[in-house]
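Take a look at the structures below.
Two complexes come next, and they have one chain in common, subunit A, joined by subunit B in the first and subunit C in the second.
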Partner chain A sequence: MKVRLKAFARFREVMGSEQDLEVPEGTSLKGVLVLAAEGSDKAREALFSGDDLKEYVVLMRNRKRVVRADADREILSDGDEVAVFPPVAGG
Partner chain B sequence: MKRAGKPGDLSERERQRYHRQILLFGTEGQERLKKARVFIAGAGGLGSPLAMYLAVAGIGKITLADHDSVELSNLNRQVLHWDTDVGRPKTGSAEEKLRAMNPDITIRAIDRTIDGSNVATVTKGQDVIVDAMDNFPTRYDLNQAAIRHRIPFIHGAIRGFDGQVMTVIPGQTACLRCIFPTAPPKEQFPAIGVTAGIVGLIQANEVIKYLLGTGELLENRLLIWDGLRSTLDTIDVTRNPRCPDCGEMEERT
Partner chain C sequence: MITITRDDVDIAAEIEAAKRDTTGAVVTFLGTVRDDGIEALEIEAYEDASLPEMQRIEQEAIVKFNLQSVNIIHRVGSLRIRDNILLIVVSGGHRQEAFAGCEYILERIKQSVPIWKKEVRKDGSIWVEEEHPQE
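Then we have the complex of A and B:
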């Protein structure tokens, strides 16, 4: 199945702004990010801390926020759009 | 949409001062700004451009809250505070500059740290709450106060060349907690004045549009500014029905 992955702000620097990924049926949201980070140390470093997604990474599936704890239970469907970005907190 | 009450008359001096923007939205629009009460939480990087531009636009009552004193390391971005202000409370410094910029409006500066114990009191009766804070725990307090009082809340944040803005209309749109359920890690964030200026002014623009009832607000849209690429993206977002802050609220139009 096909999934679109969009990255914003700093993440775009390392992942590109948008990519269409061919992933196996049953792939989770986290699984897509693991695949996207394959072959890019920078992308992996931006998204993951060890095997876990970094806490502050904002994950969206079809424009709805997904919490990190649910990312590997969130099974995607064909045509889904996943967005990732880093929140900023300063002022 | 909640309006700022019965319009007050403009003086001849005010008609001159705001002439160019009265061309844009008429005396009726200017009177709306004059009657408006805007609460700005923070007189730092975001609070400086926000307060300055809202003051010169003629927002009738601006309340600023901050408990810090001006430090030398603030001056690269907090343009309300100058070299001669180092060591002064930010509220006094801000009040003085804003009064000098526009004596035709009312400025109130509260020298207090906003937290869960006072946020509901200090924001009560305001028409808009603006987020110019530097941390998420206080932003969550403001978000909750906005929901409790049903006051629109304009979120903004910066880090380095990156920034984000979102407008929350309680009960209608995604709130801050819907999109950011947990706070990012605390850090001494890198900051440059240009990013605070850009993001703060996008927030000020949202305040003005809301008060005038014109244009399209950043409702259910998170705006992301990427200063290194000079791009603005908006990401569509929706309410989280299980949001701990606004999930129980009924839709009200």
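Then we have the complex of A and C:
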């Protein structure tokens, strides 16, 4: 299935703004990030501490927040849009 | 009305548009680029998520503070010192609800809307860290 991954702010700088990934059925939100970080030490360093997502990583699936602790239980569907970004700082 | 734009804002027009016959107060917040030794401020938004989030905040504020109108304009792109960043204009029957509603909207935007700022300095660039817990 296809999943679109968007990254913003300093994560965009190391991962690119958008990529379409072909992932196996049953892939979790965290699984997509693991795949996306595979080819890039900088992306892995930005997102992960060991096997865990860093605590400042904020996640969305189809423009709705997903709590980081649920990222490996959040199973994606074909056509989903996943977003990953650091804490927001608008206003 | 919620807008994310690269363009500057016509503040007087927004204030005028907020008035109703029953309006007793229009409260405006204007966030601007402060000179903290920076050359520019780059603002980035996840627009597809920011717009619905700001619409939720708008509706919350209207109900909670009995506001008559809410207009939020957030700029993106590269801004200079003194440039306008964020305009919030709210109107209400009375000043108390208009002041409280405007502040509520601002704090909620800072807390949850996916927008980021990067300070461009002579010696490099740094992303502004947020002040709110994210989860």
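The criterion applied here is as follows: the second predicted complex is superposed on the first by the 87 of 91 C-alpha atoms of A that agree within 3 Å, B and C clash if a C-alpha of one lies under 4 Å from a C-alpha of the other, contacts with A are read in each partner's own complex, and residues count from 1 in each chain.
Throughout what follows, contacts are C-beta pairs under 8 Å (C-beta built on N, C-alpha and C of every residue); 3 or more make two chains touch, one makes a residue touch a chain.
From a predicted model like this one, the values you see are computed outputs, not experimental measurements.
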### Query
Clash or fit: what happens to subunit B and subunit C when subunit A is overlaid?
clash
### Task
Report for A:4: first if it touches subunit B alone, second if subunit C alone, otherwise both or neither.
neither
### Message
Contact-wise, after the overlay, does A:44 reach subunit B, subunit C, both or neither (first, second, both, neither)?
### Response
neither
### Query
Is A:56 touching the first partner subunit B, the second partner subunit C, both, or neither of them?
both
### Task
Would you please give the residues of subunit A that touch subunit B in one complex and also touch subunit C in the other complex?
8-10, 12, 56, 58, 60, 63, 65, 67, 83, 85-91
### Query
Where on subunit A is subunit B touching in the complex?
8-10, 12-13, 55-56, 58, 60, 63-65, 67, 83, 85-91
#### Entry: Residues of subunit C touching subunit A in the complex
31, 43-46, 48-50, 52, 74, 85-86, 106, 109-118, 127-130, 132, 134-135
### Query
Which bits of subunit B are touching subunit A when the two form their complex?
42, 44-47, 131-136, 156-160, 162-164, 178-187, 189, 191, 196, 224, 226, 228-229, 233, 235-238, 240
### Query
Which bits of subunit A are touching subunit C when the two form their complex?
6, 8-10, 12, 56, 58, 60, 63, 65, 67-68, 81, 83, 85-91
